[in-house]
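Structure provided below as structure tokens; questions to follow.
Order of writing sets the labels: A, B, C and D. Residues in every chain begin at 1.
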Amino acid sequence: MIIQSPQVRIGIAGASGYSGSQLLRLLLRHTGVAVGPLFANSSVGAAVATLHPDLSGRVDATFEPWEIEQASRCSLIFLALPSGEALPLLPLLAQHGVKVIDLGGDFRLKNAANYQQFYRRDHTAPEYLSKAVYGLPEWNRAEIAAAQIIANPGCYPTSILLPLLPLVAAGVIDFDCIIIHSMSGTTGAGRSASAELSFSEVAGNVRAYRVGDHQHIPEIEQALQQVAGREVTVTFTPHLLPVERGILTTMTLALRRPITAPELGELYRQHYSNEPFVRWSPDRIPDLRGVVGTNFIDIGYRVDPRTGRLTLMSAIDNLLKGAAGQAVQNMNIQLGFDETEGLL
Amino acid sequence: MIIQSPQVRIGIAGASGYSGSQLLRLLLRHTGVAVGPLFANSSVGAAVATLHPDLSGRVDATFEPWEIEQASRCSLIFLALPSGEALPLLPLLAQHGVKVIDLGGDFRLKNAANYQQFYRRDHTAPEYLSKAVYGLPEWNRAEIAAAQIIANPGCYPTSILLPLLPLVAAGVIDFDCIIIHSMSGTTGAGRSASAELSFSEVAGNVRAYRVGDHQHIPEIEQALQQVAGREVTVTFTPHLLPVERGILTTMTLALRRPITAPELGELYRQHYSNEPFVRWSPDRIPDLRGVVGTNFIDIGYRVDPRTGRLTLMSAIDNLLKGAAGQAVQNMNIQLGFDETEGLL
Amino acid sequence: MIIQSPQVRIGIAGASGYSGSQLLRLLLRHTGVAVGPLFANSSVGAAVATLHPDLSGRVDATFEPWEIEQASRCSLIFLALPSGEALPLLPLLAQHGVKVIDLGGDFRLKNAANYQQFYRRDHTAPEYLSKAVYGLPEWNRAEIAAAQIIANPGCYPTSILLPLLPLVAAGVIDFDCIIIHSMSGTTGAGRSASAELSFSEVAGNVRAYRVGDHQHIPEIEQALQQVAGREVTVTFTPHLLPVERGILTTMTLALRRPITAPELGELYRQHYSNEPFVRWSPDRIPDLRGVVGTNFIDIGYRVDPRTGRLTLMSAIDNLLKGAAGQAVQNMNIQLGFDETEGLL
Amino acid sequence: MIIQSPQVRIGIAGASGYSGSQLLRLLLRHTGVAVGPLFANSSVGAAVATLHPDLSGRVDATFEPWEIEQASRCSLIFLALPSGEALPLLPLLAQHGVKVIDLGGDFRLKNAANYQQFYRRDHTAPEYLSKAVYGLPEWNRAEIAAAQIIANPGCYPTSILLPLLPLVAAGVIDFDCIIIHSMSGTTGAGRSASAELSFSEVAGNVRAYRVGDHQHIPEIEQALQQVAGREVTVTFTPHLLPVERGILTTMTLALRRPITAPELGELYRQHYSNEPFVRWSPDRIPDLRGVVGTNFIDIGYRVDPRTGRLTLMSAIDNLLKGAAGQAVQNMNIQLGFDETEGLL
């Protein structure tokens, strides 16, 4: 535990969105940092409390236009921007010596060709891809602590990798049969005017989307391959749920050899027994209710003796462990705070 | 019962919206009419089934651009358009001898000054205000049968007037203390891209809106005054609910003289015993579940002996009795069909 | 088309539940049948309109206690009962020469041992298992037309078999890798008091349940095996959604040989081009909104060139094509009505 | 600010319910208290994390059966029990010198006859009615600080009294025309198995309930009368919303004299400018989103020049400012902690 220094100043770019405002709420509870400036685009000039009325009486700041001079006075900047918008900002911040945690997907993939294929855009700062550390604390804590640039994992990949990586590391699953079915709340789609995301269309409805070409596929495969030491190809189908927050993931896996629930529990214990935000249980089936509003991931698993397959399930809050919560967890590691500060 | 003539051709302007597509669904079940053309704006050229996938396999039409020539071949056109858009179309149709049922608010008020104040727009065809018949079948059936132009009532006014008018006619309530609290589902706001109406904002939320200046206020007061024979001023507060369909209205009324539940029941019986779509009960509190998907209005009432006040409650489906259902009911009257045809 | 004979009398046992009341709503629109008696258990003596207020003013019947004498005056009885409750009733009805359509699972499996394992109850009338015809019209129409007893398919199996069977029949998929992920609305769990199904617990929540041991597994496998001509084992994971109605199923399948979307479309065309309630499209991803309130099944499919896997999707209304709608479709076939009567 | 003493031990009776578990979550964040024992009834022996999975990994306690010996070792006990269950417990605790904050309604009314009428039960400890201090901090802070027994206000009364009392105190409203319309989420009805509160019944639905005889009516009138110095009779109509948390209240009031929005703002400023949890604004219409998850009450107001009436609106989280949050606020005052400790 370090002596907490309230003079550590933290800025947020994209503070008006769902992830950005969640960062703000978490940092207000954090005892070691001062927050601001809060950069936005279309909301510049508006009081924070106008867009986020729950913060009325607690935050009297207004959203400011992006300025590198303002930003460079911060120790660390969170980028919570739509896809592509971090491309010009992150290099600039790095050049000014500001630490960066990017909540978007612009710097997660090591391979710029993958970025182009799945994000449908050229990568304009590929030299930073190798410098960015993938911010999955449970697997990269040391690199995160030393990093200047952190690519915060995607919401779906977080919900998938944490349950899956221990099994990949142990080699117990068939790498050629990883079937992933995920379901997300609407805040995962960001804050924007869209007839498709209107209440009248989403309520009572469920549907798959971006079947077979979601931009999180290469991120998931990249992380699995690093641990597997070989090529891994997954089938990932995301669905939009009529809930505001939360991701539930159900994976169906073929086992290389018979394995029991206690053996699986032992695998998780080995990897995660000291992890403050990972919970697993062979008995309880994870649900959104157990994680929404928290930075936890819940993991459950069932071996089916009929089929020899393993059903692996997880739940996270897409805005917390899936975005802002994990970002603050990374910040805590990077800046030397207690890892759970502001998050319990 | 007349001999049903399938050669009666009905067009819809604004067929891509929520009310317009509801009209289409009702008319598909109607045994006496042929439907089309279906006019739209931004959806011109799209297949109906693309926007309304539930109609896939049942309707293979595409949305067409508005053309008076096409329209004038119809016996009757429903206008299901955003506020203001019926102003130029309705006179044109009337001049071509086409019957019109306007589901919007452009021709409901007799007083153009009221229109300007509450709709915030000049009325460009005030000479048609006196020609349009207010399409509340339970109170205007004869005029509706003879009308060329029908102004279909607003969703809130329908939910308010049907329970209230018998009490106004009988003079049992204090005209100076009519407090109306209504709650509506989101389809009442139409089909448009709006951050305010996104699932992430509406789910789990409720709020009042247009407090004291909603455009349905003069419509309600005009209809009450006509029956009361004097000026009536109401206080009306609408709320947006996290449901797709339905309006629940709760009114608090001061009584001029003590009245019992059976006396109230008798009043409703006098006015509505032959009405196919009005249900009332002193015992059952109306709810949305009892009316959504139907053209019924449910009315409930409780006299509070402590306060001497009457709580009057109603429920309708905003897209049916509050819009498309009532419009088809009007069409049935106007064209001589059985009034319930297509509606049960 | 036969001459419709309103003297055909249809009874419903379990008329107070969600499926039972849905049957009632459909039969009210059916031009060829008279409905009643309506048998119930705990609701005996209550007016139908008390439990189903939307039917107030349309049905003035009350729920009656089960009596075989009453029942045997009907041409056909629908059984819409909780699991196990059809075991004593169905044989009795058959002995009285009454046609039966059982919406429950008691007579769907041919193998009584499977019933005992998955329904956790002894089968007390196993001699009827071979007599009951599995009521999937698209695959068993001739047997249905001739049947005295019909076992109406389960909601999940309907959503799974209709998209899957053409592929099984054509032998294009690997029978050892059928991964099924389904999501259902809450009415699928029936109408009962349960803290687990309360709004406060279900809203905003999603979870898997009965992982690996759901009672629909043997039903699915039995139907697949019949077409495949060999043993088939599926992995099926059902989830509970915060919606009232609808089932969305997403299947991940390994292909035996490369296949294109047009080839898949051709397979569906071969099997379903004359089917009134099956819709398929390579372009549109099925969603609940497109089917809720209808008897349609929507089927979508995407071949993933990266993985060589096929994602097969479907949507139904669990109370219509998944229960009461399909049951009425079966009745229409069995009694010689137009197959779509009452269902469009 | 006092020196925080973690040895202050706090117990909860009814810890398994929605309010009880909310207390637990708040007290876990409180730096000055130790929590436990956690008393329950039907859940005795279960791990807290089994019922409240979000607390898994944070609380390893189990629910214990009520024992006065255990309870009497606490400095303060929160009673979060169904109506009537505090009647025997509160006197016992008081006799053992334990401070009590009762979140239920058993000790809020000064008049036992009112209790009997509205709670439909004899009051068995009427001698404690005068000893219990009504725990509305903004109006009773001094008495709360000195109290042994606190009757924590009801959720609806909190949402109604805080906006209304300043107007009553100033005499600007007509005491004979106070029309209150409130809408509550389902957690307000507690955690119990009920077909009426099932998701299938509540989703997409809204209805009034206990029209004219809700048990919060005498509580509201008692508090208004105390400030008004005369009899006050209100009309209060509560509604059940398809949301989990939150109360929105809309009041329609007649004004004794014309008043402007700035004058109203000044009234609120006088009473609430130092209140940490009261926010008011003439511009922003309160909604649930702005308060859910917080201990704030939001107050909005509009004077209608057409009618001379005032529309007064408020929003709270029924489980926080409406129950557990206000209870912890009271505890903070009673035990000398900073009033906002654990609540921001």
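The rule is short, and it goes like this: a contact is a pair of C-beta atoms (placed from the backbone, for glycine too) under 8 Å apart; a residue touches a chain by one contact, two chains touch by 3 or more.
Treat the numbers as computed from the prediction; the structure is a model and nothing was measured.
Q: Can you tell me the least number of steps between chain B and chain C, where a step is a move to a chain it touches?
A: Step count on the best path from chain B to chain C: 1.
Q: If I list every residue number at the interface of chain A and chain D, are over half of them used by both copies, so same, or under half, so different?
A: Same residues, largely: of all residue numbers at this interface, over half are found in both copies.
Q: Determine, using the mean of C-alpha atoms as each chain's centre, which chain is farthest from chain D.
A: Relative to chain D, the chain whose C-alpha centre sits farthest away is C.
Q: Indicate the whole-number Å distance between the mean C-alpha point of chain B and the mean C-alpha point of chain D.
A: The answer is 40 Å.
Q: Take the average of all CA coordinates in chain A, do the same for chain D, and state the distance between these two points in whole angstrom.
A: Result: the chain centres lie 37 Å from each other.
Q: In whole angstrom, what separates the CA-based centres of chain A and chain B?
A: One centre to the other, that is 47 Å.
Q: Which positions in chain B are in touch with at least two other chains?
A: 201, 203-204, 242-244, 287, 289, 292
Q: Applying the document's contact rule, which stretches of chain C touch chain D when the two form their complex?
A: Chain C residues touching chain D: 18, 185-187, 189, 191-195, 197-204, 242-244.
Q: Please give the residue numbers of chain A that touch chain D in the complex, ascending.
A: 28-29, 50, 53-54, 56-58, 203-204, 279, 281, 284, 287, 289-294, 296, 298, 344
Q: Within their complex, state which residues of chain C touch chain A.
A: Answer in residue numbers: 177, 179, 181, 183, 201, 204-209, 211-212, 233-235, 237, 239, 241-246, 248, 250, 252, 285-289, 292, 302, 304, 306-307, 309, 311, 313, 315.
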